[in-house]
Amino acid sequence: MTNTQVTHIQIDNYGPWTVTPEPRREVDLQTLQSRLFADLSQLFGNREGYVFFSRFDNMIAVTNGISLDEHALVQESVANRYPVTMSLSVATGTSPAEALETATTQLQNAGSAQDKSRRQILRGQTIDEEFRTDEDVQIAHFDVNDATEKYTDRLNEFDTFIHIEQGYAELMRYMREAHESLSFFVGGDNVIAVCPDLGTAEYQDAIDHVNEAVEVELKVGVGRGQVAQEAGMAAKHALEECRATGEDVHLDF
Amino acid sequence: MTNTQVTHIQIDNYGPWTVTPEPRREVDLQTLQSRLFADLSQLFGNREGYVFFSRFDNMIAVTNGISLDEHALVQESVANRYPVTMSLSVATGTSPAEALETATTQLQNAGSAQDKSRRQILRGQTIDEEFRTDEDVQIAHFDVNDATEKYTDRLNEFDTFIHIEQGYAELMRYMREAHESLSFFVGGDNVIAVCPDLGTAEYQDAIDHVNEAVEVELKVGVGRGQVAQEAGMAAKHALEECRATGEDVHLDF
Amino acid sequence: MTNTQVTHIQIDNYGPWTVTPEPRREVDLQTLQSRLFADLSQLFGNREGYVFFSRFDNMIAVTNGISLDEHALVQESVANRYPVTMSLSVATGTSPAEALETATTQLQNAGSAQDKSRRQILRGQTIDEEFRTDEDVQIAHFDVNDATEKYTDRLNEFDTFIHIEQGYAELMRYMREAHESLSFFVGGDNVIAVCPDLGTAEYQDAIDHVNEAVEVELKVGVGRGQVAQEAGMAAKHALEECRATGEDVHLDF
Amino acid sequence: MTNTQVTHIQIDNYGPWTVTPEPRREVDLQTLQSRLFADLSQLFGNREGYVFFSRFDNMIAVTNGISLDEHALVQESVANRYPVTMSLSVATGTSPAEALETATTQLQNAGSAQDKSRRQILRGQTIDEEFRTDEDVQIAHFDVNDATEKYTDRLNEFDTFIHIEQGYAELMRYMREAHESLSFFVGGDNVIAVCPDLGTAEYQDAIDHVNEAVEVELKVGVGRGQVAQEAGMAAKHALEECRATGEDVHLDF
């Protein structure tokens, strides 16, 4: 059974900041957002967590093994180096979607995302050391079959992007609704999903659904671990297995 | 009439690199990709262009006013500072989609995205100085009505993200098919579209379509300029007008 | 005759900020400072200027060809992405030292470096386009003879560093006092000096002085140009000439 | 008694790389070097270590508490994101200078800094967990008395820099020769020294020496800890004590 620790990261009052006193240059906002994400990738990643950029002003992290004190240090480090601050809310659950629900609710209870006086909230609960197991995190790494041959080398880049994007939009919605999973586009033709305890049948179901709905063919490697880094690396190796064998789904456990 | 100069940016042989000799850590790939995008935002942005991350391994830039020599310098600067290189292909057209089509074709003619020996291609044509006008670039800046109140402060972050993502997926596909435009999610609830010479009716049509298809309500500000920075900033100010007046569409020209 | 345009960059009220409300973590300060310098290197470098980190909270740039409007854009971009702001003061002169004297005085006249209310000053004068020449900037690139063989591969790293540092401290002081030049350590065993119109004799004099004073043997390549980038690259090629021929001084003009 | 764990960081074959096939643009080298240092600051800093840029192509870190496996991960992360690789050599000792001597020797034994085939060396020994104590690391944080009033607000920036630099050059040499300490300029008017078990008399001696030799007046706060972060933060607080009381030397233990 999985027990995912999820952190909801929210830049404080970011929308208003981007247009005060007047709209800031888009290239600076894009630079700020992508560097903040890169820094969080390293800050959580060096503690074996994963962060996903999702909407950039709101990000979602898998933080099993990372204490509230470490969250506070990450929060402080960002405040020391950026013109904006961020709030963090941590929760756990056997379903990643459920854990995030708790995390977001805790944050909403502290005030609106656009509340000027709500800054640097840090709330929530981590998993007690004694209850952590090697199956706490389950990560699935999807990619698109023959994306380079079928799309990148044949269509114009935007039409390639449309195919990838329609596949992602369908997958992320379906995995959420049918399988309580949180799926994130991570570049190229890759999607990483944080999942509860799913098996081959559920992944095959998701792949079939996306293929029927938008005609994008996926395959997936799945890994488990005590922390995101371990589960995610196992998933990558499982995906290499799919590439070698032609399987649609390969579970590394 | 618009005359958009579009650059297709492609990291050379990136997919194979990410798994050679074995899969590289995801946090490092995420850091690399987002920092490369941040750098390109600054490198093109300091020359008044816009870059969109789209798939990260393939990016699309609006580069009116940026010469091939300047493209070469950007290419060299990245090669000097990253473990990967990138190819650039530039083309122009009255329709952004058509310009990109040309740019991608030029790149494909030079070899596959996963061709080991195809590196640092630089191809294409820019607009001659004498033919440049104040209406060359048209940019539309969309956002979601009341996103904070309706989504961010009420739903869990992933369900908010699903709404934004479904809206984006529908908009980017429709704007491409119906209106030859290239639309990019840029964080939060914002989408920036690079458009041919469209008017109020076409934007209202797109907004209505998205509302009917996926029940996401958008508004849009539109600007024009000789370069992306100018058109994009005008679009931001036009969007502020929508916020002030309640209009769905505001053209700053 | 040279005509160097120099910009004094000063982070506003930085010292107090680093200890308010209590001392900030050194690793975050180091990260902030070095990234700000990296960004300024790119922001000025993309406009063919050079920036030197000198004290990090105060930096010195050679900005021939860069207008006050472009300085304002750099200033705004930093304010959009950092928790601190910076002031810029620009001046010109046939001697770099004299130009800097004017630039610093202009900034001091606007208030103390630790004045809480003095923020984002932008002052000064650039060189009118009509008066710019191919000899405006003269740059000398020094390095230490056989540094790897004599120091790096033989001494412990700190003792190597002591030799390099004593050489630099002597050179920077002497070049300032005897030759109105501004010399900056740029890593490894390299020092870049921004000079007035000096010839072989003056450079040989400086090399001899350092050798006598602290027994560090230097060589130097010197270049000229309309902008820093051009002069600096010519200096690098001239230094390669010294490496090839064994000369102490090579002027690329 | 202190027991400092020191890591010598060396970019592999960097000098030749910077001029192959011809000299690379200085702004790109400066950006690469300062970002690599910033990344190492975070990579070691997130594990409570300190890194000093010293010569940028060779850096020195205090790494108490950081295992060889963690060093390997830092090494891999850099190789994944930069066009250069680096070698790491770790050693320990009651004197920081002696520890570094061992570390550098280990690296030199593996090959020259400019050996093309010597890449990504990782050698050395860390302190066994059972032998670690709260007094392993002693850090001294020096600054210049009234630097803003006496220099920054009165002299031109280069002349201010000369004073700071002469003070640093004298201090770093003297602390090495007389007190087995490694001192690093860290920006502004600040120098951080990694020391063996020194007391008030030794620090007063160093301050007096620098004052006599180059007329730069220093004060110093000194802290101890099991790791660099702890000792360094204690030193900062001790320096605040000096500011409050007017003491030359304040030991936080």
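Residue numbering begins at 1 within each chain, and the chains themselves are lettered A, B, C and D in the order written.
Here, a contact is a pair of C-beta atoms (placed from the backbone, for glycine too) under 8 Å apart; a residue touches a chain by one contact, two chains touch by 3 or more.
Owing to the predicted nature of the structure, the values given are computational and were not obtained by experimental measurement.
Copies subunit C and subunit D of the same chain sequence form an interface built mainly from equivalent positions, shared numbers / all numbers used being over half.
Chain copies subunit A and subunit C are related through a rotation whose angle, from the C-alpha fit, is 180° to the nearest 5. Here the CA centre of subunit A is 43 Å from the CA centre of subunit C. Spacing of subunit A relative to subunit B, judged by their CA centroids, is 22 angstrom. Computed from the mean C-alpha positions, the centre of subunit B lies at a distance of 37 Å from the centre of subunit C. Residue positions of subunit C with contacts to 2 or more other chains are 25, 28-29, 31, 35, 42, 46, 77. Put simply, subunit A touches subunit C in their complex at residues 24-25, 28-29, 31-32, 35, 76-77, 79-83. Residues of subunit B touching subunit C in their complex: 39, 42-43, 46-47, 73, 77. Contact residues on subunit C toward subunit D in their complex (touch as defined above): 8, 10, 14-15, 18-19, 22-23, 25-31, 33-35, 37-38, 41-42, 44-46, 50-51, 53-58, 60, 97, 100-101, 103-105, 108, 112-114, 148, 152-162, 164-166, 168-169, 172-173, 176, 182, 186-189, 192, 229, 232-233, 236-237, 240.
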